[in-house]
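Look for chain A in each of the two complexes below; its partner is chain B in the first and chain C in the second.
Right after this comes the complex of A and B.
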């Protein structure tokens, strides 16, 4: 069931792009396949819920708004009662650790999302062409994430390091649109696509 | 373009939000006792205030939370935004 869908969003897009790859270091886009997404909902006033989630994932749940935690997984804050876990690990052993005694809701959304990593000197310039969020160096800091718009698509944007590297998590059905948007708008920066399994 | 301060996410562009109309409308406690006119009034009739107006907005692109916005409908100035909870709504009743 999990990980059996090998036809990833953007596969066709990448295959067409391979013929035109450049060697630019200024801006790269890495499309991640074979990663899993879990949506978790629960109350922040319920300390049992927080303790249990942190024990299951062995990682802090980010309680501050618009931040994410990094460990074995990436856990993003989505809403006051909602988080997104992005992980390379197999979901089955994780899900088996969830206790039915705890009041929480967990949904496997692996089929619904795609992640792109936008990296390089011009990443902020490229994003600011179509993102209404202020992603200036002093406004959008490492460890912050935000759900916002890019072009006409809704995305989850997160800054992970100072290269800078942005994680862009987008609905699978919007992935091709975002890919094309980044390609067209990144043209002037010599954008370079790669595919990482 | 308005910058609206989401009580959770901070200042965001107007395009990230959707409008939810007049705030603090209470569902009648005994709907069965209402005549059609009063029920229609509850369902459909909304104030069209000139000046300070309490509204509900949703941060639909971001955290998807409903919150309260006090806005001047003439100048579009946003006086305050706050989280939607019973305390916030009850304080409006007493004014």
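Right after this comes the complex of A and C.
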């Protein structure tokens, strides 16, 4: 019942049929609405913290900068003491497992982020139009992530497979801008968004 | 009629005829032509009028150096100004107009400037149009009309422009022989290479040459190299792409013209692209510019650079004249004489300022029937609108002067060459210095200041074989350096020509007084002459940068590509100093003009700036609320009902909030979660109040100061746990506050165990405001909201319809009010639930304007409106927030003598004496009685509204010693209203005791 009452950024962009946007030129954009975000803070010098996080999420905490781990969830490294968990799982059972004894600070960010998935041959070229980071095949590898910019918005960018598929995680209030940006700049590569309105 | 078109040769397609118009007249050219080559083919002599003297001018060059053939292309929204005909590829239907010449090119009224040119020396405009000052507007009208720098379209640009970031190992600028072979060499090693050239075809100088390279004709050799580049997936070839800027950290910008060559407008296609390149290494192989020679009337139509003549013949099958004279001081120009004679010119005479010495070029010239005259110079040109003849005099190298006796020679084309200047522009932009080379008589690039190398003729290397060798070596060194394995490259064989050295000849000096000679132009685009440079020296300008500004030498859109070196050398002669002591002026981007469209790229219209919308935005939009932009956020301003105007809507909203129930979307507030063992001691240093004393669940209004003691930001903060806080910031200050806090934490107090996380987007905030807010909210929550359990300035967790919420009993209106924080995904739903629950109490959504009125009635400040970075807490009447018991950022500054001054501006209230006039915000407050001399300004109005609940206007102001002036009357004056008499009051107007917000 609750889910019917949710509304997401980029609602307008979500195709009613499949919530995916594709183009003739091997580029697709998918907007993932039904996912949860958790921000985790703690010290990597505190082994109890690391052990506890890994126990709670049943997954390795990425300690190398600008990488992410994949398991039941995606866990992204954001800073030496900060990670972002992106998960399809219900948060309640996860949060219940967290021990108050451990110096682990967690904030729910589910309403604060939107995730888009950009996929296909031209994904790199399209992103490079507005992203100054080197995301060339040899430089930005599967399993890497980076907090960078797209146009005039900040994004978290991650490469998940060789199609290539990029996860773009953006703050809710900038999601519409990023959606419009991809739509407009995608013209060059034949990206065709279906727009509800 | 294409009278100058040859029957064969050139990279043009004679089967594809293209029609174009020039100054309203129709002409034909061929596919592959530039506009310039088509004009030369049609024997168009005059293409423009000069900048100052309005002298007729013809095409001189064939590339980026062209100073005269500068046109307005197209019309309407797609018109472009300042376009060089030599760089415009011809398309069918092209429309070109000269930018100067009024009423017509052939008769330009302002030619009188030329007749009276004695009056118009350098600095004429500076000196003449100074007085009387108010006449400038009249002078300006006529001067602008005469200057004629082209017109920008008035309509919006319908074209699409694109930006692309790209990283590479090696960027090669220029695809001439050196650049091409460097590209192939680097490309084969596997390095990521970009090779850019401003021409449509790669090949550079080889396109106009008949050299044999490695057994192939130059045309075949170019084609084979380009073929190799195209098969390499790691190489990006960018023709029609000008590298126009070289910035720090090997960041370079390229302007690619994608569809300019197809038509004036290509719907749905990208017209131009801006490549933003970050290169590990840069190879500069841009080539060199041929220098003109300086002699009287050296600007007459029909005078052309030697390299341009070869280009027109070989690349476009166009012969620019039938009877040519070639004036040179070097061997390379001989090629043009040979080319034009071979192409069918009736007579060609080389006038060489040097003495005869055997050389391959001399032999070749003689062999094909070119006449030669040594130890001679051109001393004047006869013919006004086109060249008729030249005067040739013997030249005396011992004293650098020519004999008076002149011999006349008829001709229709004067070809000239003063040697070559390497295109050091990008090297110079990158921070590299240039050094004068006394053997080659040109500036060559000095030590690079970034990871770059200059090769080929832009390094002063003239022999083809040496250029190719430099290309290979440079590429191999770079790739090895970058960790790639260099591929062995065989140096292709090429003809070794014996060349005699050039003779520096900066100016043809006659034995008779040079004052009476016709003008000798140094910079064609700005009409800078030799006598202007001498005048500048006489007037005391000796530095090249000063002379440049006084004479406008090198200021044109060609940036002195032709004139600079001659100008510097002539300045050297005037100052009796060698040229290396004169130095060069600074080269700056852009190398050639770049259209604004491509700079803006896709960041236009709605994409110019991100607009952030709250999760409740759809409600506001449905209610047709006008929006106000606050820190990129769109906030509803007010909610008009039916045909209400703003004032009525705001009045209705204010009364509703004060008398029953209002609801506001406060989601744009900055929200920060702070936790960690040292959260308390961290926040103690940040806020001025006693954070440690706050109970869990308690809220406080807090301010943070800069190190200067001035108010930086404010907002309610709450203690959620022993080591857990929630802070709010102003909407516009959210990002700045976060980075300010992180800066202190990370750089000054890294020992503190504190973690801050932004919640701004995750949480939406709904404010429920008014005497009925508690009653309505209570119907939705189980939490006891009575004052006993949930008093003013408290927070707790709760739930509405299964949705978790955080409740805050805080007030920015002075009314009983609650703020509800909720996961943004549920915010719109919750808002609708609250709207429904409040229906019976006339729940009224209100926007930022009502919020402002309500807070101003209470005298609550807005940071950034009632403060401006020079207001400390004492000024704002917030002294009560300052803890005496602890240290915090800015505290010491509050004890500076200046902070304690008695006459500081303080926050006060203002009432208009007539009780009707709303005082304009920003109005200055002055003495009622006029004083002589400048009127002292005591302060200004920072906030001003009509208060519906009070029925009269109110205002807040910052006034010197304001708190001692209560009751005093002043005048509020501004440029857009009559002076209003105001009286100073306390900065609070409504519910003076604060009973409403604390109501039990």
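To be clear about the criterion, the second predicted complex is superposed on the first by the 174 of 197 C-alpha atoms of A that agree within 3 Å, B and C clash if a C-alpha of one lies under 4 Å from a C-alpha of the other, contacts with A are read in each partner's own complex, and residues count from 1 in each chain.
Simple rule for what comes next: a residue touches a chain if its C-beta (ideal position, glycine included) is under 8 Å from a C-beta of that chain, and two chains touch if they have at least 3 such contacts.
Every value quoted in this text rests on a predicted model; they were computed, and no experiment measured them.
By the touch criterion defined above, A:78 reaches chain B but does not reach chain C.
Contacts of A:177 after superposition: chain C is touched, whereas chain B is not reached.
Of the two partner chains, chain C is the only one touched by A:128; chain B is not. In the superposed model, A:152 makes contact with chain C only, not with chain B. In the superposition on chain A, A:39 makes contact with chain C only, while chain B stays out of contact range. Of the two partner chains, chain C is the only one touched by A:105; chain B is not. Counting the residues of chain A touched by each of chain B and chain C gives the higher count for C. The intersection of chain A residues touching chain B with those touching chain C, taken from the two complexes, comprises 132. Contact residues of chain C toward chain A in the complex are 160, 162-167, 192, 270, 276, 278, 602-603, 606-607, 609-615, 618, 633, 673, 675-677, 753, 755, 757-764, 802-803, 822-829. On the chain A side of its complex with chain C, the touching residues are 1-2, 5-9, 37, 39, 41-43, 81-82, 103, 105, 107-113, 125, 128-132, 134, 136, 139, 151-153, 171-174, 176-177, 180-181, 184-185, 187-188. Interface residues of chain B facing chain A in the complex, by the touch rule stated above, are 8-10, 12-13, 15-16, 61-65. Those residues of chain A lying in contact with chain B across their complex are 65-66, 78-80, 132-133, 146-149, 154.
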